[in-house]
Amino acid sequence: MESFDVGIMIGSNSDYPIIEESIQIFDRFGIPYIITITSAHRTPQRTEKFIKYCEDRSVKIFIAAAGAAAHLPGVVASMTNLPVIGVPIAATALNGIDALYSIVQMPGGIPVATMPIGKAGAKNAAIFALQILSLANSELRLKLNNFRLEMKDSIVNQAEVLKIKNNNVFIDF
Amino acid sequence: MESFDVGIMIGSNSDYPIIEESIQIFDRFGIPYIITITSAHRTPQRTEKFIKYCEDRSVKIFIAAAGAAAHLPGVVASMTNLPVIGVPIAATALNGIDALYSIVQMPGGIPVATMPIGKAGAKNAAIFALQILSLANSELRLKLNNFRLEMKDSIVNQAEVLKIKNNNVFIDF
Amino acid sequence: MESFDVGIMIGSNSDYPIIEESIQIFDRFGIPYIITITSAHRTPQRTEKFIKYCEDRSVKIFIAAAGAAAHLPGVVASMTNLPVIGVPIAATALNGIDALYSIVQMPGGIPVATMPIGKAGAKNAAIFALQILSLANSELRLKLNNFRLEMKDSIVNQAEVLKIKNNNVFIDF
Amino acid sequence: MESFDVGIMIGSNSDYPIIEESIQIFDRFGIPYIITITSAHRTPQRTEKFIKYCEDRSVKIFIAAAGAAAHLPGVVASMTNLPVIGVPIAATALNGIDALYSIVQMPGGIPVATMPIGKAGAKNAAIFALQILSLANSELRLKLNNFRLEMKDSIVNQAEVLKIKNNNVFIDF
Amino acid sequence: MESFDVGIMIGSNSDYPIIEESIQIFDRFGIPYIITITSAHRTPQRTEKFIKYCEDRSVKIFIAAAGAAAHLPGVVASMTNLPVIGVPIAATALNGIDALYSIVQMPGGIPVATMPIGKAGAKNAAIFALQILSLANSELRLKLNNFRLEMKDSIVNQAEVLKIKNNNVFIDF
Amino acid sequence: MESFDVGIMIGSNSDYPIIEESIQIFDRFGIPYIITITSAHRTPQRTEKFIKYCEDRSVKIFIAAAGAAAHLPGVVASMTNLPVIGVPIAATALNGIDALYSIVQMPGGIPVATMPIGKAGAKNAAIFALQILSLANSELRLKLNNFRLEMKDSIVNQAEVLKIKNNNVFIDF
Amino acid sequence: MESFDVGIMIGSNSDYPIIEESIQIFDRFGIPYIITITSAHRTPQRTEKFIKYCEDRSVKIFIAAAGAAAHLPGVVASMTNLPVIGVPIAATALNGIDALYSIVQMPGGIPVATMPIGKAGAKNAAIFALQILSLANSELRLKLNNFRLEMKDSIVNQAEVLKIKNNNVFIDF
Amino acid sequence: MESFDVGIMIGSNSDYPIIEESIQIFDRFGIPYIITITSAHRTPQRTEKFIKYCEDRSVKIFIAAAGAAAHLPGVVASMTNLPVIGVPIAATALNGIDALYSIVQMPGGIPVATMPIGKAGAKNAAIFALQILSLANSELRLKLNNFRLEMKDSIVNQAEVLKIKNNNVFIDF
């Protein structure tokens, strides 16, 4: 039987461009994941089935992204004792504040680890999952440390690009 | 087997003083109801069991009150096709805005009829339930019409009380 | 005399693309409805006249959609004891929060069942109306249950579509 | 028949401590007013009757104070072409933001002059009414100008009081 | 010397498309007005000079529209005892909430009559000014009453237009 | 050298009553933790020193609670690649919304797992830490599953208590 | 003629307990200041007079604290080219958000340096003023550096106090 | 060694169009500045290094612009006792409210002078820096006073432009 490290849930195809930020991180770090479309309200049984499917395949962490009254992460958290990471999506006139409050304000007892609204949230959800996985994987920790160095380099590079436009730019030394 | 018209759910004993506003309306109008404490997240099976129990006893409407990331009304709505009325409770630092957004911003397909935050919401949930029930109960409709007249009288009475303090009060004529 | 199940009110032609979500549901389920344009403030008598017209033609439920200081649903609720469903519309710089608060925060005694802001709200208003109507119509209940199954199928279909782009998609089994 | 300059409406006795700020201004300036308790939703006919009663007694300005989904000022404005001043009251968990948005965001065509939330709003409603009345009453204008001077004096007095506690206070010269 | 009924202030040319809604009303009703560009902060003396200029030419009402930390209406109100109407403009990332709060939350003693954010606010500011002016001008009052009838007709016309698209539209009778 | 599983940071003694909710969970589950008071802004070196101290003693997860412009969790996350859990505290007039936004809206690349505002957040931070730790500790996972069962029992117990006051309470069966 | 470094303005005696946080800092650092009560709206001339008075006495920085539609800091900034620091006060139902937006969202061209809402803001206003003054005063800079060290010590002291209650506290080493 | 008056930090190249508003002011007034790209979280050491670099080159004021959970200004303030000016950027679904709260609500002891969200903020940050620098530079003060006069002229010019469209415009006299 196949096994995965992370199980990802989104509520509809329209959420996929957001969650691709997670997927790019997992692809880059070689982390096996399984993703599906399911809804807390429209397909509660399917949600439960997917969670069981994942738990049987040694999934260690769930990521659930949702907009509007974003119940999906909380409902997942009520069905498992694995860590659940929630990503709020700006999908309504309320610009993601509805999703943020629906995900982050979970009652005491059933935690959801909430990430920023939108693409930054999807990216951070994946990195946070890597941080958890690397507790038992020192090679992955090394890769994560390198990833930080690359972020630093990217900032220095950006400063170099800016230097072309503006002579008063500090690079490094 | 007993039968009820309304099934009520709250998340904990601390929500009871809010939902009492519903109960006083049901007691006054002689509407049989059944109430329980259950949680969308801590006791999802219990929530489902209560809904089945109610549906077997001819419950026609559900009322669910919840605070924080108030998923209970939406989760109930995902488990039944009976009308579900949601009452947001101000239970956190966000003063009920979290509960309001978590209840009202349900995705298309699974409606929850949202009432005001707090006691006014619990009262209106019950009156709204009576309005639904009276579609098939003309005697109840009459009682509801009388209830409106009493509200009107209560306002005239308040004006009379105010007249004692302030001479410039308009009463009626 | 013709008869209808649902009476719908919007404040102007510009609200029609929102309320079409309700109309598509009613058309699909074969529910007779009557719709008009009226304003709580600009045409209060017209609003009253429409309500009477509807009550004389056995309308059972009202739906009122409005933006800005959205008084229409509350004003309708003050003129009838039939259930009133309110749909907030994002029509101003406040992005529908003004409409949401103006509709949902009704004082105790005069309920309005509030739906989400915008198209999801219009869709859910219609489905909620169907849930009420199906209390006295078992055939309609069956159709509603089938509608849920279709929503489920649609989610599985979306997963299948996603599978084309991404190999790690869980479908069903 | 008696005549009044201002007609005041509040929704219940509990709003009276707020509107007393208006009344103290009117008493001080000798402006005849008439006040009542009425509700946009619970007593729409009574609201209309009061407006007629006032218009027959040469009322020139209406003040309406309300909390929650505060429709009263807008409903009054829909029934008259006299200027209507609205005072939002903080009466719910939303701390008066619901009332503010429900009063200020009136659609184009039916204005309500909105004042601050709470007591400052009730005071300013009365002063604003005086400013309108003084357009045709030069004696009243003079009194208003004196009132401003008194406000100035009160601020100098406060500085003098503060001087007792703190030696570095600037008074005037 | 020329005389005007209304003095209008905006903070920059970019606010003109908003305030044109006021101007169209004044043009239509034949109300003489004078408008200028001035800033509470960048040209306080100019603001004061304009107010004096207006008061010398029998202006009866001021309208001030502003965005961001919209101090202009309040600063005008601090310089005159004529009624001041404030129009919040959505000019920043905060979408007009900053302007709304800066205008409406004036301290007790110095009222500003606040209108809705944006074009609806500019339109209502003008209509509210007409309501004040018509207290001493019965011909204007008649025109205002006709204006309401036209608003009503416009709504009936909209219903007729909708009837072309949708057969279930209630017109009037 | 001692070793700990969790390193906890708060900004001042006044935050201790909030973080006690975490500590009670760790004490109950026998999880070794180390806690300190440190500030992102007032003692950045101390923060760094504590993180190093913890990493040398095999800490696996950090919890940081903070109010106002709550930078502590983000600053901790910038100094380590271990998972960081943030708990917003309501410590200012903004009621914790400032802390929530400052913690949850981290830029892409540096995740902080955000919990609810206040005591529920501190409790959930600890439970979420346990969920991570139990990935490598099956005995802890068992304890966590039992903890869920106790939460369920507590809800049934609450229903039993409510039954004393209200005869219409559903218990279980 | 006396001279001062800082000129402070508050709108009423009720703001004094907030601004005392500034005064304690100035007293402690031996910075001469002058304070008064004045209002942007009720005493605009007095505000201008105080600014002139201060400029004649070599004041270098202004601090203005205000609540509600807090125009005072902006109005001061419009009257001087000295740096103006604004402190929002929570004085209304909107809990200081109105004051914050009215102070911080100044239009381009007239800056106000905005501090946190309430006591933290008054304290930081004074420290920020010291930072400016110390640009030309190396002794003051030294004192400021010592002040930071004291803040650090205070945090270590707090940790020591906490150690009495909880054995798992990290102190320093 | 070169010397600068102002050190500017932004988090990425995408923030440059905002901070250009500062740079245009500095270029116009001939103020030497140094700018870099650095991140509170991704490059904390680089941030510290840049601050040291600046302090060694007699920088007197820092400006830091950031979006999302905008920690950069606060982190800079924790590393220096020079005045720090923060500019919130609207970079997420929360439209800059997250950045505003993260910058302005700094705890007591570590001030950040907060400017408006976006371009107006960047412009005002530069002008505020000039106001500080002009405390020790009377020529710069003169230039600042002239800048105000130009702002006034620009407003008169705008009025003249408007006069072309609308005959009722007040210019000056």
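A, B, C, D, E, F, G and H are the chain letters, set down in written order, and residue numbers restart from 1 in every chain.
The rule is short, and it goes like this: a residue touches a chain if its C-beta (ideal position, glycine included) is under 8 Å from a C-beta of that chain, and two chains touch if they have at least 3 such contacts.
The structure presented is a predicted model; accordingly, all values stated were derived computationally and were not measured.
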Touching chain E and also chain G, the following chains: D, H
Interchain contact steps from chain B to chain H (minimum; 1 if touching): 2
Chain pair among E-G, B-C or E-H whose interface repeats that of A-F, sharing over half of the contact pairs by residue number: B-C
Far-end chain from chain D, centres as C-alpha averages: A
Cα-centroid distance, chain B relative to chain F, in whole angstrom: 34
Cα-centroid distance, chain A relative to chain E, in whole angstrom: 48
Centroid spacing, where centroids are CA-atom means, of chain A and chain G in whole angstrom: 41
In chain D, residues with contacts to at least two other chains: 39, 42, 68-69, 92, 94-95, 97, 104-107, 109-110, 116-117, 120, 148, 151
Every chain pair meeting the contact rule: A-B, A-C, A-F, A-H, B-C, B-D, B-F, C-D, C-E, D-E, D-G, E-G, E-H, F-G, F-H, G-H
Of chain A, residues touching chain B in the complex: 11, 39-42, 44, 67-69, 71, 74-75, 77-79, 92, 94, 97-98, 101-107, 109-110
For the chain F and chain A complex, residues of the former touching the latter: 21, 60, 81-83, 85, 100, 104-117, 119-120, 123-125, 127-128, 131-132, 134-136, 141, 144-145, 148, 151
Touching residues (chain side chain H, partner chain E) in the complex: 90, 95-97, 116-118, 120, 148, 151-152, 155-156, 158-159, 161-162, 165-166, 168-173
Partner chain A, residues of chain H touching it in the complex: 4, 12-13, 16, 23, 32-39, 42-43, 46, 49-50, 53, 68-69, 92-95
